[in-house]
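Remarks on the structure that follows.
Chain nomenclature is as follows: A, B, C and D, assigned in order of appearance, with residue numbering initiated at 1 for each chain independently.
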Amino acid sequence: MNQKLTYTMQEVMVAVAARQIRDGELVFVGMRLPLLAFAVAKRMHAPRAVGLFECGLMRDEPAPELLYTMSDPPNIAGAIWSTRMINLMGMLQQGAVQLGMIGGAEVDRFGNVNTSYIGSRQRPTVKLPGSGGAADIASLAGRFLIIMQHERRRFKERVDYITSPGFGEGGDWRRHVGLPGRGPAAIITTLGTLSFDPETKEAILASHHPGVTPDEVCRQTAWPLRVSPAVHETAPPTDEELAIIRHCDPDGFWTRP
Amino acid sequence: MNQKLTYTMQEVMVAVAARQIRDGELVFVGMRLPLLAFAVAKRMHAPRAVGLFECGLMRDEPAPELLYTMSDPPNIAGAIWSTRMINLMGMLQQGAVQLGMIGGAEVDRFGNVNTSYIGSRQRPTVKLPGSGGAADIASLAGRFLIIMQHERRRFKERVDYITSPGFGEGGDWRRHVGLPGRGPAAIITTLGTLSFDPETKEAILASHHPGVTPDEVCRQTAWPLRVSPAVHETAPPTDEELAIIRHCDPDGFWTRP
Amino acid sequence: MMGKVMTMAQAIGRFVPDGCSVLMGAALESLIPFAAGHEIIRQRRRNLTLIGPISDILFDQLIGAGCASRVIAAWVGNVSAGLAHNYRRAAEANTPHRLDIEDHSNFTLSLALLAGGLGAPFIPTKTLLGTDLLPGSQSFQLSSEPDTGAPLVHVQAITPDVAILQVQRSDREGNAHCWGNLGVSEEGGLASRGVIIVAEEVVSREMILSDPNRVLLPSAKVVAVVHEPWGAHPSPVQGFYGRDHGFYEQYHLASRTSEGFEQWLKGWVLDVEDRTGYLARLPKDRLNQLKPSQRRLAAPVDYGY
Amino acid sequence: MMGKVMTMAQAIGRFVPDGCSVLMGAALESLIPFAAGHEIIRQRRRNLTLIGPISDILFDQLIGAGCASRVIAAWVGNVSAGLAHNYRRAAEANTPHRLDIEDHSNFTLSLALLAGGLGAPFIPTKTLLGTDLLPGSQSFQLSSEPDTGAPLVHVQAITPDVAILQVQRSDREGNAHCWGNLGVSEEGGLASRGVIIVAEEVVSREMILSDPNRVLLPSAKVVAVVHEPWGAHPSPVQGFYGRDHGFYEQYHLASRTSEGFEQWLKGWVLDVEDRTGYLARLPKDRLNQLKPSQRRLAAPVDYGY
């Protein structure tokens, strides 16, 4: 935790992600920070948002306990639907899910995410776990958020392998390859928030978190990161947001590094 | 009821159909006579046969009451699986269902069945209800039985419309058009039983029911019906078979015309 | 904010406009939303596309009343009594008017709805190869397996405008429990743009959420919840009432002629204000006779942790 | 006739031969058949193809023990703790030996199993377009919509030799009740040639048949029923026990090196005779801590008529 700040960068990320959830939206919720973001949004500004969990669950109330995985018993009890994965994935492909959230090990200039192979596919330096449902969210959700650790080795000009498609090579690449979803809306990192140029689809620094300078963000990015003319400090989590986050994750399992 | 006989032709048909069910088989059971045949087979020689109902049910014991439709409450209570139709149809297409039974309004020389349009499709003389699941059974079951009223107007050289495919134009037509199931094993009628020539796939009179002559069967068939050299009288229902049929259909709703 | 709970008249008025496509009879011979169908007739809807695997006599009634211009189905008849007379008159003599028929089998209709719910353009199958259902149909495209060249049928996705699903119980948001054979209820609901839930009972959210595996589909799909006891009569609802076989037989006889059908329709639908009025016309004791004679409770299930 | 009920050793011995393809972890993070996986390791199976959407640490253990030559999965890791060390060693350094990896997403794996269960050669989708999962994969075929020319991915059907499914309760024939998130349990079981049911409880036929809508799949598919309480530990089973998060963390640390993994494997699998032996090694009171602190019974359901 930054010594001057009364919150962690993870808590900032949760608050920023939560603000992206609009009321009434169907949200493909992952684990960890996205799950907390869903809880914050529900209690703050999006009481009618509904969460989908790819293991086969839908909830309109966050689980009352901290979850380590989406299939934990508290997430099942009180769900509004407990079903087969394919039903939720089908809704995703139908276009019924407005927002999804994914993590990643590497991301590039156009928001493509790698969670599969670092190095070559044949003989990788690091074998990462793979897509899970992230590639489906990135392909099919109305829009999605990428939530990541901001380090120079992870923010690469070009990822080694596209697991979850962002804007590919930029421009209208998504339309060209046939992807239905509109692509990433933002990359929410430990240092700031990146949005995408509406034309070129290149990632642009939109805000830097409290205590972080735009220069620091650029230094931790391996391509020449464009900085928005409107760049500003990320609005820090409010007391109310923090209270919800800490209620959900009292021991800081996900939010205190 | 034939005055000399102590059973109806429907009861003969049920007994003949029941004998086609082998122990341990998965059987796509329709309504009416096939349902009774399943009950007879279960209690006689096929105790491990399992019945599939396209509405979404599987049973390894026949329902304890007379059914008017397969979704009647006594068919649901005590089922071994109550599910979605597509799961049962999927098993059918997988090749997991060895036998199916269908009815029909018209049948032809090669066992094709029409339950859709008599006359032209554009302006039919009679609009029949359609396939239901019969065309799927005929397409996909390992083998199937056709159970029908034997009348000259129904046994036609060529049906007006193929709803449920038999052997098409004969020979290896089924393989040629790509149908996975092996086709009809028999036509069980109010007058006799027809099987199919293994090469030409033409229907052949295999047995005539008690009190019916081969000639009568031929007269009620609109194409020159071949008679098997081994043609014989259908073995009548045994007392045990009759007892089961009458236990299941005490008022003769399906078995007394 | 107006809630989802409303009368049948309101639900049909708002969500089943002229010209829309509507899925009914998804469970097959049980849970058929007859009360909804009768309200559609009373509100004199026109040019509907009726979608359903088999519909027992519900589609026949809607066709006879002139509500439908198109049917996408595997079977239209009277399951326990025989042919569907209005369907015949429409197909054979354009009475009361022309009807487009898109023939499916039960499997292909369920695949079409499955594809709709999955957001897939089609699903391939080997059923119906060689049959007369394929030529000229918009529902099917002939294709072949890329590797082997073996013939395939691509069943095109169907996405109805609205599905009307009868269930045992629902909460006020449309979180609903349904049991018994499901037919294409789940696929059909997921494929449709909106779902009208017709419930024998409207119960608490807590009751439904006590058993999320029993929930039929996401309430986010549900646009209306109609509390309509006996809404499926004469079809059965497991745990609530059995099938009224005689009613089907009676309809079969009455609808043999157009005139007979008109009279039947007047007596059971048009001259009746709503489901309560309909039920009042049934012979005394009929409802009691159809009620379960025995409870058969499902074994307890514990979601505790 | 020998019945279906047998020990885990018998079930694995008979139905999971060397070289077969086996589906496990179908529900995702819950109901993972760890006891079955450990028996596979003890019986030193080789050249298995492991199939599962995500498998939490089960596939990592089987890979580290040298049982697998191929993995068809969307994700292999440690859900609450991070990367899968044995999976990394196999993919990065062929340790203990070479591993073929067929990458899926969760959606495509579920479509592949759905297609398998439907007897369809493939199902088309728009997911994964433009990604590096497609080129060179046997699982996918690029295609396009006939009408529009829009790109499509044909996900090829998967039909595992055997699925191992953990459930709450089963009768002796394999009629089984399962609740909680189902993942690809149903599709996977239907797609497989045979199913091994691992049940927390073996109960009467009457109990299962009292609720046929809760039945996971047809018992005709089931080749073995293994009564194995705590068979899914450290993964959770709704109504029976929670997730043992610490156990995953412990495994994560222990398996960082090959030596550490070998030692872990010796202690928890190889030097243990069966599940009873495994459970005896858990810290005193661990099982009690994982038991539900509260019952949460599903609302009653009446199948009466």
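The working rule: contacts are C-beta pairs under 8 Å (C-beta built on N, C-alpha and C of every residue); 3 or more make two chains touch, one makes a residue touch a chain.
Nothing here was measured: the structure is a model prediction, and the numbers come from that model.
Enquirer: Can you list every chain that touches subunit B and also touches subunit D?
Expert: C
Enquirer: Which chain pair is joined by more contacting C-beta pairs, A-D or A-C?
Expert: A-D
Enquirer: Where the centre means the average of the CA atoms, what chain is farthest from subunit C?
Expert: The most remote chain is A.
Enquirer: Find the geometric centre of each of subunit A and subunit C from their Cα atoms only, then give the gap between the two centres in Å, rounded to an integer.
Expert: Spacing between the chain centres: roughly 41 Å.
Enquirer: Please compute the C-alpha centroid of subunit C, do the same for subunit D, then give the distance between them in whole Å.
Expert: 37
Enquirer: Cα centroid separation between subunit A and subunit D, in whole Å?
Expert: Spacing between the chain centres: roughly 27 Å.
Enquirer: In angstrom, rounded to a whole number, how far apart do the mean CA points of subunit A and subunit B lie?
Expert: So the centre of subunit A lies 57 Å away from the centre of subunit B.
Enquirer: Give the residues of subunit D touching no fewer than two other chains, as numbers and ranges.
Expert: Within subunit D, the residues that touch at least two other chains are 111, 118-120, 125-126, 152, 179-180, 182, 186, 208, 213, 236, 238, 242, 292, 296, 303-305.
Enquirer: For subunit B, write out the residues touching at least two other chains, lowest number first.
Expert: Each of 57, 73, 76-77, 82-83, 86, 89, 92-93, 140, 180 in subunit B touches at least two other chains.
Enquirer: Take each protein chain as a node, join two nodes whenever their chains touch, and name the resulting shape: line, ring, star, complete or other.
Expert: Contact pattern: none of line, ring, star or complete.
Enquirer: State which pairs of chains touch, listing all of them.
Expert: A-C, A-D, B-C, B-D, C-D
Enquirer: Using the touch rule from the top, collect the residues of subunit D that touch subunit C in their complex.
Expert: So the residues of subunit D touching subunit C come out as 111, 118-126, 141, 143, 145-146, 152, 154, 177, 179-180, 182, 203, 207-208, 210-211, 213-214, 236, 238-239, 242, 292-305.
Enquirer: What residues on subunit C touch subunit A, complex-wise?
Expert: Listed in rising order, the residues are 117-120, 175, 186, 190, 208-209, 212-213, 215, 217-220, 303-305.
Enquirer: Could you please specify the touching residues of subunit A with respect to subunit C in the complex?
Expert: Listed in rising order, the residues are 26, 50, 57-58, 60, 73-74, 76-83, 86-87, 89-96, 140, 180.
Enquirer: Considering the complex alone, what residue numbers of subunit A touch subunit D?
Expert: 31, 53-57, 68-73, 76-77, 82-86, 89, 92-93, 116, 121, 123-136, 139-140, 161-165, 168, 173-174, 177-180
Enquirer: Which positions of subunit D touch subunit A when the two form their complex?
Expert: Touching subunit A: residues 27-30, 53-54, 56, 73-77, 79-80, 83-84, 87-88, 90-92, 101, 103-108, 110-111, 114, 125-133, 150-152, 179-187, 235-236, 238, 242-243, 245, 292, 296 of subunit D.
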